[in-house]
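Structures given as structure tokens follow.
First chain A sits with chain B, and in the next complex the same chain sits with chain C.
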Partner chain A sequence: MTPSDLTRVYYQIENEIESYRNELNKLSVPNYPSETCRELIIDLFEKLKGYEETLSKIMEDANDQDEKIVEQSLQKLITKIHIPLVREDTKFLNWLYKAQTKNVPWSFVHCVERLFQQIVPNQKLLIYCENQYNYGICWSKSETIAPYPYYVLSFPRLHKTNVLWHAVVGHEIFHPRCSEFINRHNQNVLTNITGEVTKNYEKFATTGASENSFTKKRDRIDSMTNVTHTAWCRATEELLSDMACVEIFGPAAILAMKAFSACSPKNDRPDPDNHFYPSWQYRFEIVWDNFIEDKLCKLDHVYSEIKNNDIVRCFKEDMLEIKCLVEKKEGEDLVKKHPLAKIAYQEVQNLILDAVDFVKDNTQDVLKWHDEKTLSQIPKLVGRLENGIPPNESVAEINEQEGIYNTHPAAIPAILISGWMYETYWQEKFNADEADERVMTYKTLSRLILKACEDIETIKKSQQCQS
Partner chain B sequence: MSVLTKNVILEELQKGKDGSGLIITPLKISQIGKSSVDLHLGNEFIVFRKVSLPCMDIADAGDISKNVHKYQEKVRISDVDKFVLHPSQLVLGATKEYIALPDNISAIICGRSTWGRTGLIIATATQIEPLFKGCVTLELVNEGEIPLVLYPFLCVAQLILYRTEGKLSTKDKSRYQFQTGPEFPKFEKERAYLKLRRGKTCKR
Partner chain C sequence: MNDNAMVERWNIIDSAAMAVAVESVLYRLTKNKPLPFDVDEALKNGIGFLEEAQNGGAIICGEPESSEFTGTLTPLVWSTNIYINSGPSEVGMYKKVVATLKSYRDLLEKIRKEQIKELSSENDIDTANNAYRFFHELAGELMKQADPVTESYSHQI
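Entry: the complex of A and B
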């Protein structure tokens, strides 16, 4: 290692910092749907400043011909600046590019940020569209660039404006809360899993002479316990997130999950190939049994208030279809087919009531689909959609004599449920070859719902200003 | 033709509360004047990409419609951002408010004199027909000599509502229905006319 090697790396890193700054400058120009991206850009500029200071400090310290010092300085340059910059920080450039207003469902961004703040307070959420057929959320300690981490939520790019599906973001934004539940029960579950795996080892083990040695057996049990434990963690996280999504958005969440999963097999059994991921069928069963079934009667009053009986009929038929699907309990049977999945999912089942309570406790601050305020808005919003009006507000009082015009901004679960109610009706109209120009297109429906999401922020802001 | 006054506008809004009559949303009572409703500028604009549009010829309207993104770009700015409109520049904007007119009410959209004095023209096609539903596209032109800075929510237009006489068919709908922001131009009618003209020319 020579001083010239160090100098070469120094110039390379200086160039990387400069290039990064140029990219950030370019990304400062476009429009973003919320302030989060601008704040992130400022934080990243700050981080670059930190890198520059570190760079100068390391080079000052390395002002020596001693090979050992040169070697140490080189290592510092690589680990403290080069690796975090090229491996972690560059991800943000990609996310920022994809988070520009033109690249995201901008009308919906504020609603998601608001919801996220209620579930994961005092954290930042960056929303972007990814070129994949999935919703996702990620965060990690290594991505911490400010006193707080930025959580990064992605929407599927090709479904950017397919707002009815976006009810599933309720699932994604609950992921960060799941570790609390998992940590709380981890030790007990691990003990139970170890016990079950040991008890059933003989059944799982493949025959073979070498397997009989004590060490081999212990290693195999450890390995199977780890796999089963990971399966439990995975299943618990997914199911908790599903539960939260359905607790907030109710039927809109179920219908969105159903629509999103329409192109995937419903009955994939959890096994090592799919990381013991719960099947869609099982997920529907869990959320239906614990969050929908007993609250569905709350919709009876909503149905009676909706003027178009066909809309009610179509929606009821769709809900009934899901009910029939979950009553088969095929998902529950599937998890028993793999011996390790059976153990992991038994632990999930044992904790299901705790999980339900945990979800309810952690969504207390959120306006939910079964709240009276939400339910009372749905019939009016359905009426608006039917007439080609954005379901953005429910007009409470108009008094022409006294010049009063009072409205309430619609709740997001009410907007999405009314949207789904209209969608089920729309499906029937289009499928029955009855389509005529009186029935709006799906694109128009999505557009009106997005406009409603945008408007509720305007109405809220204007009411805050007035008060 | 009788222009609707504040009381009548509120009466019509009351009738249309369920979504079937006059709707102007979102709306605050302070927007309703003696015989007009103030409208705000929305967040979206359509700007022409001059470098890739040689000229606008409706004879090529098919190509223009297909490649509309090549010629025009939708820009969305946030509530606090600026949009600078340069002298002689035309951009399309839209009202923040979504409007639905019943079959017996028509409307005219016009600029506000405050903005007129700066050279801002907000609409050239000012007539809104009964049964229209959507945000109204504004053709924003800066006729002044200095650049104008526009912000979303600026009160740039007024809606004057009046009653129409006679019955309308529900089929008589605008080609720009349900728009929630500025819309790219559609030239179907013009193209049909052009086809007709060409047909006649050939016969001669």
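Entry: the complex of A and C
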């Protein structure tokens, strides 16, 4: 290691910072659907300044003939600036490009931001579309590694305008809240897991079944416990997030999950290859039993108010299909097939009732599908969709002669449930041998719902201005 | 739906930076060289890392120090890897790992609290040399994993 090696890396990193700044300048030009991206760009410029200061300080410190000190300074340049910048901060460049107005379901962005603020207050959310078949959210507990301090939510790009599926953002948005629950139970669970893993370890070790494998690092008790603990954390997070999504959007969430998972195996057993994720079947069972079954009767009044009986019939048939699916209870048996999954999921099941309470406590401020206000809007919104009108408002009273225009902006859960009710009807009518020409295409349905989402933000802003 | 990713507090990148920084502090201390600009941050992070590894180890031993461990076992796993590299695994290994990590943590806390710029006691110098080797090995292992080039090797379909 020579000082010239250090200088070479210094210049390389200086160039990387300069190139990053140029990229940010280019990204400052396009339109974004909300202010978050502009704030992010400003924050990133500041971060680059921080890197430049660290760069100078490391080089000042390296002013020594000791070869070890030169080497350590080089390693500091790499670990404090080069790796975070090229490996992590460059992700922001991708996210910003994919967050531009033309690349996202911009009419829906404000609704998601509003919901996020209710669940994770005072934090910043960046929304973009990723070229993958999945929704996702990422955030950072580190104060240096991206996406700190942002939360970054991705939609599947090919389903950008498929707004009925976007009910699952309720799931993604709840992920950051799960650490509170996990931390609360962490030590007890970890102690239980350690005990169970040690028992298993000793059982195998005494029988000599795989004596050699236990000398390998990956089969140590700490590694096995770490894997099992991670499996518990992941399963708990997924299930808590599913619960929150279904608590907010109810049948719209269930139908969106079902549609999204239609091309995936339902009974994939949790194991190391799939990072111990719970199967879809198990997830449906958990949310149905704890959040849907006892509240479905609340829809009875809604059904009686909807004028088109076919819509009600189609929707009920779809819900019944899901009920039959979950009653098989295949998911619960399957999660215990792998020995480590069995340990992790036993801990999950021990805490299910606490999890249900936690989700209810942490969604108190959000308007939910089973609230009276939401339920009362659904029949009117279904009626608007049938007439090709965006399901954006619930009209209480209109009298043009007297200038009375008393309406309420529709609630997002009401919009999505009415959309899904129409979708179940659309499936039957549009796919019938003799398609009913009065039934709109799925694309038109999606556009009407997106328009409604855009409108309710305008109505809310206008009402806020008036008040 | 299942593509969420949370960057842990003790992720590979932060942990590699921490290990390099602590290694640098300990080296300079044992060689009577001026301390680096980031000495306080390095010691604070080093103590935090050792604390999480030590607490994780205490749980594995069945002797947790408090009832509020909110971290993961990842720092313990990395630390134990380094410990095992320096000798064969043995009976009561986790207790020895915990005791070793505690001695390093105590030293870093003492250096930070007393703003020590030069080590005088034989015992401290001995612990500092061992801790230096530990963080040196840890830095090497984590830097390998954090390398952006290695990260992009995968071409699996």
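Note that in this section the second predicted complex is superposed on the first by the 387 of 467 C-alpha atoms of A that agree within 3 Å, B and C clash if a C-alpha of one lies under 4 Å from a C-alpha of the other, contacts with A are read in each partner's own complex, and residues count from 1 in each chain.
Just so it is clear, contacts are C-beta pairs under 8 Å (C-beta built on N, C-alpha and C of every residue); 3 or more make two chains touch, one makes a residue touch a chain.
The structure presented is a predicted model; accordingly, all values stated were derived computationally and were not measured.
A.B. asks: Looking at the overlay, what does A:Q281 touch: chain B (first), chain C (second), both, or neither?
C.D. replies: neither
A.B. asks: Between chain B and chain C, whom does A:N192 touch in the aligned arrangement: first, second, both, or neither?
C.D. replies: In the superposed model, A:N192 contacts neither chain B nor chain C.
A.B. asks: Once the structures are superposed on A, label A:K80 by its partner contacts, choosing first (chain B), second (chain C), both or neither.
C.D. replies: In the superposed model, A:K80 contacts chain C only, not chain B.
A.B. asks: Touch test for A:S223: chain B only (first), chain C only (second), both, or neither?
C.D. replies: Touch partner of A:S223: chain C, not chain B.
A.B. asks: Have a look at where A:M440 lands relative to chain B and chain C in the superposition and call it first, second, both or neither.
C.D. replies: Touch partner of A:M440: chain B, not chain C.
A.B. asks: Per the overlay, which chain contacts more chain A residues, chain B or chain C?
C.D. replies: Of chain B and chain C, more residues of chain A lie in contact with C.
A.B. asks: Which partner chains sit in contact with A:N134 here, chain B, chain C, both or neither? Use first/second/both/neither.
C.D. replies: It touches chain C, and chain B stays clear.
A.B. asks: Does chain B (first) or chain C (second) touch A:E386, or do both, or does neither?
C.D. replies: first
A.B. asks: In their shared complex, at which residues does chain A touch chain C?
C.D. replies: So the residues of chain A in touch with chain C come to 57-58, 60-61, 64, 66, 68-69, 72-73, 75-76, 78-80, 83-84, 86-88, 132, 134-142, 144-148, 154, 168, 171-172, 175-176, 179, 182-183, 186-187, 190-191, 194-195, 215, 217, 220-223, 225-226, 229-230, 233, 237-238, 241, 257, 260-261, 277.
A.B. asks: Applying the document's contact rule, which stretches of chain B touch chain A when the two form their complex?
C.D. replies: Interface residues on chain B, with respect to chain A: 6-8, 10-11, 13-14, 17-20, 23, 25-29, 32, 74-78, 81, 96, 98, 100, 133, 135, 170-171, 173, 177-178, 180.
A.B. asks: Looking at the complex, which residues from chain A come into contact with chain B?
C.D. replies: Residue list for chain A touching chain B: 31-34, 101-102, 106, 307, 380, 383-390, 392-393, 395, 398-401, 403-405, 407, 437-438, 440, 444, 447-448, 450-451, 455, 458-459, 462, 466.
A.B. asks: Could you pull out which chain C residues touch chain A in their complex?
C.D. replies: Counting only chain C, the residues touching chain A are 1-9, 11, 13-14, 16-17, 20-21, 23-24, 27-28, 31, 33, 36-38, 56-57, 59-60, 62, 64, 67-74, 76-77, 80-81, 84, 89, 94, 139, 143, 146-148, 151.
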